[in-house]
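Structures follow.
First chain A sits with chain B, and in the next complex the same chain sits with chain C.
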Partner chain A sequence: MQHIETLIKEKLNSDIRFVEGLNACMNCGICTAICPAAEFYDYDPRTMLTIVQSGNLQKIRELLESDTIWYCGQCMSCKTRCPRHNCPGLVISVLRKISQETGAFTQSRMGRQQYLLRKGLGNALLNIGYSLHPSFIKPADHPEQGPVWQWIFENASEIYKTVGANLDEEGPGVLRKIDKEAMTEFRAIFEETGCLELFRLIDQYSSIKALELGITNEANQPDMDQYLHFIENEQETSY
Partner chain B sequence: MQTETSKNWSQFNKDIANDHYYYLRSCIRQNFFPGSEVAFLDILRNKLGKTIYDDASHTTCAGIGYHCDIVPFETIQALAARHFSLMTEKGLKHAVVSCVTSFGIYSEILDTWNHFPESLEKTRNALRKSTGREFELPENVVHCSDIVYKFRKEIKDQAKHTLTNTKTGKPLKIVDHIGCHYAKIFPERGVGGAEFPKVLTGMITAWGGETVDYPERRHCCGFGFRHYFVKNNRSYSLSNSKKKFESMEPFQPDAIVTNCPGCNLFLDRWQYTLEQIERKTYGQQGQGIPVLTYEELAGLVLGYDPWKLGLQFHQVEVEPFLDKMGIAYKKGDKYKNLDGKIIGERPMVNELNIV
Partner chain C sequence: MEKEQKHVAVIGAGIAGLHTANLLAQSGHKVTILEKEKYPGGHLNQWHHLFPDHSSPEWIISGLLDEQLQFDHLKMISSTEITSIEKNNGHFAINAGNELRIYADAVVISTGFKLFDARQKEEYGYGLFKNVITSADLEQSLKSGQPLTTASGKTPSRVAFIHCIGSRDAKCGNTYCSKVCCITGVKQALEISEMLPETEIFCFYMDLRLYGSKFDDLYLQAQKKHKIQFIRGRLSEAAETHDKRLQIKAEDTLSGRPLRMEVDMIVLLAGMEKNEAHQMFSSTKLLELDEHGFFKSKNIQLTRNETTQPGIFIAGTCICPMSVNETIENAGAASILVNRYLEHQQLTNHHE
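Moving on, here comes the complex of A and B:
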């Protein structure tokens, strides 16, 4: 326990975004007044900054294990208005990173969702060099996209051509296939800068959590497909 | 209602390069508004006589991954550095970024390198080690909407249509929605700053339209990154957009124009969702409010064909807006492929005109 708290302290102080994001918060609450997440969630950036500023590692640790840090929508509206030039949204980014590096994220429902993002978005990035592709946005998972998207999804190769896109083809243009050479460099950057290590940590801590929750296969190993399904559908009251 | 804030805008006159650009594409726009990316290049090259390099070798900036917290800051710094390296290779110095999230990312990175030179050094080493590349810092990094804003008068000079209701002769009322990361993080990097951004209102008024001020004008669309990508959290995104629609409804706007790919998507799709869930629409005569990108708006002013611009990619029907502008179009062409054949089973129009 002591070890994790020391680690948290080290990680906080070594992140330049933490140095940039927090300069003497005076607790005025302007960030909370403008924060869209504070309006729709039980979330208050002012309190969050007060805790972080207090340096109380026990409380910071509780924050890392809670849903709270995952409510922020990263709009950065708080940055514009803070009279002390703090950026609660940036401090949140640092806390989220540490939560993942220490495994604390698996202790909250909202935190556990990182495994969904790592699998979906993370794999998309590594496989194609884009955050998304028309084939990933399945109408069944995205009812809000409506019938027009359904039509586009089902007829993508023809429809993208009508506006001059270059879907999945060689050369420049909209939604072109990113070539092998570029993808090799892209992946090498992910490895060199610690992104793949972060993916491994998210995977590893999520497996431990699956085991702890008894989400296992016949060989008593974590069943990660089932775990994905579990966190995808996990409601506030279900755990 | 006209906005009366022009005196404050002059505080933020950002430097926007005049020519010889290097283009950095947006993931969301390529997927959902591909016609806008094509139109941007076409307007620049063929209407404004500028050069812009469209590089097949650039990738995502991974900004969405960064704000979803699965991609570290060090990674996006090195990815940005790789893009600067590609630019250096081409002898170019003016980056033009299509995505507002990316624009915020590049701004954050350049600001960090400026404040913490050791992080620039670290990034140079990481890029060298992983790819063998070197790079020079760009001289100018702007968002695509900055460029269209800069040349709004040249676009007006070639206009085939204005933002006027051709039936009443009155200016069309257009709500501007600026993506949060355009200027809320670094107000000095946005035309007009964060409080009075004029990047879109400048276009609207130059082309004959009227801007609309409403209480929740600066409120986020609600993307929230992880809040949209995780299905269970999507109501956050919807709730924020709903707050905006309710606030703009009394002003009865003719259209919304955005400069952010995500905002454009959500303000379009959440109107459909709210119509489905609550049978509620926010536009005139029970219709939705068309949501356009600034290139779509510029393209219509310049006389581009609406379906070449990709207006068929929108869920909220744009035809009422085209009719007001007096734009002639063939309704049937909306669903045709390049050979003139109807593609697939066309989506059905319901009684509320939100297709």
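Moving on, here comes the complex of A and C:
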């Protein structure tokens, strides 16, 4: 227990985003006032920052294991307003990374969704260079797109041309096919910046969580497809 | 030994300059006050009532001017802006417009402050939305004697005061507290409430710094008698609604909830800033400025009114934000230090 808290402290202090993001908070609440997430969730960036500022590692650890740090949309509006040049959004991005690195993310519902994102957006990025692509939005899964979406989906190559896009084609333009050379470079960046290592850690901690929850196959190994299904349908319980 | 009459130039005829000049004239020195505006009195000319006693500032200015009349050796030159000051052999030559050149044994700078330009905080809409005004605008409105109305002439049903505009804010470069705005807000809230008892009034603050004598009494009165609501939270923005009301966003930090509210009028409690005149003195290396651009005292504890240049003194809000009574006290302190300096100069001259 002591060891993890020391590790958290080290990780916080060695991250430039933390050093730059938290100067000294005077609790004026302007970050919460402008925060779009605070309007929708039981979420208060000011309180989050106060906890981190307190240096109470037990409380910081609880943050890493909570839903709280995953509500932020990283819009950085807080940075535009803070009268002390703090940036709760940056501090949150550090907390998220530490949560991923220590496995604390598997302790909360919102945190567990990291696995969903890593599998969905993460794999898509590594495979085609886009986190989202029109082909992912299957009409059957997205009734909110309306009936016209079925038609757009079926006639994509012609329709995207009419709005100036270059869907899945060689050459320049929006939604173009990302060429091999760019993809190689892109994957190298992911490797070099430690992103792939984070992906690996998310996979590893999520498997452990699946085992812990008894989501296993006949060979008593974690069943990750079932785990994905589980976190996709997990209900809010925190409030 | 007979005293040789010394000459002191006082720059700026706000209350600090007027009071220092009177005290120095009373000590027998020849005094010349230089004022860039047409009339003396400075910012107080635009102010309706003072905290904490709601007295009118007019009697302070007229009192100081009446006092002047008894001194033949005190004169005031108005509509005159200084272009430079030179120091030669311990004496000063002050150059002003109209080829005016004044020699002095000592100089008192009492150039005051500049009101923070609230347009810099674009997110609050001053200069964009007609129903967003500053504390200074409100004073003028109160001074006019007309009932307070919105831009379209309606009686406001809700007014919000916003504290710390241009103060304690690294975003506009002013990290210090202007210190008089909290009590100004409370005073103005009380005045609006007296005038319009049906109007709901809210004060959005970070910390209420009611440091002065009787300031907390006004706060108590505001809450108890006038039901003025104090909400601890800094506004993130104000937006105009289709019917020209204003929607404001803040966090009520004491309950930890985001808050949205519509009001008819916003009063921004604008802080005090360095005067542009300061730059002229520092650019010639004659004087040093502090980290906020106000004049730097030789010693912040002991000799607040002495600058880093012997013979040049400072009085009032060109040193830091001050209330009216603090400014008067400060001007008194400045005159004592000027006297001490001139006496010392006299002795030194005799020995030479």
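In this text, the second predicted complex is superposed on the first by the 234 of 239 C-alpha atoms of A that agree within 3 Å, B and C clash if a C-alpha of one lies under 4 Å from a C-alpha of the other, contacts with A are read in each partner's own complex, and residues count from 1 in each chain.
As a working rule, a residue touches a chain if its C-beta (ideal position, glycine included) is under 8 Å from a C-beta of that chain, and two chains touch if they have at least 3 such contacts.
Note that the coordinates shown come from a computational prediction; the quantities given were computed from them, not determined experimentally.
In the superposition on chain A, no contact is made by A:Asn217 with either chain B or chain C.
With both structures placed on the common chain, the touch criterion links A:Pro83 to chain C but leaves chain B unconnected.
When the two structures are aligned on the shared chain, A:Asn123 is found in touch with neither chain B nor chain C. Between chain B and chain C, B contacts the larger number of chain A residues. In the superposition on chain A, A:Glu20 makes contact with chain B only, not with chain C. Contact with chain B, but none with chain C, is seen for A:Gly171 once the two complexes are overlaid on the shared chain. In the superposed model, A:Cys28 makes contact with chain C only, not with chain B. Residues 39 of chain A lie at the contact with chain B in one complex and at the contact with chain C in the other. The residues of chain C lying in touch with chain A in their complex are 123, 164, 168-171, 206-207, 232-237, 249-253, 256, 258-259. Of all residues in chain B, those touching chain A in their complex are 25, 27-28, 30-31, 34-35, 37-38, 54-60, 62-75, 77-79, 82, 104, 112, 115-116, 119, 126-127, 129-131, 133, 180-181, 183-185, 187, 194-195, 218-220, 222-227, 229-234, 236, 238-240, 243, 269-270, 272-273, 307-310, 312-315, 335-338, 343-348, 354-355.
The residues of chain A lying in touch with chain C in their complex are 26-35, 38-39, 44, 46-47, 81-85. Here chain A touches chain B in the complex through residues 16-17, 20, 36-37, 39-41, 70, 73-77, 79-80, 87, 93, 96-97, 100, 110, 113-114, 116-118, 120-122, 125, 129-134, 137, 141, 143-152, 154-155, 158-165, 170-176, 178-179, 181-183, 185-186, 188-195, 198-199, 202, 232-235, going by the rule given at the top.
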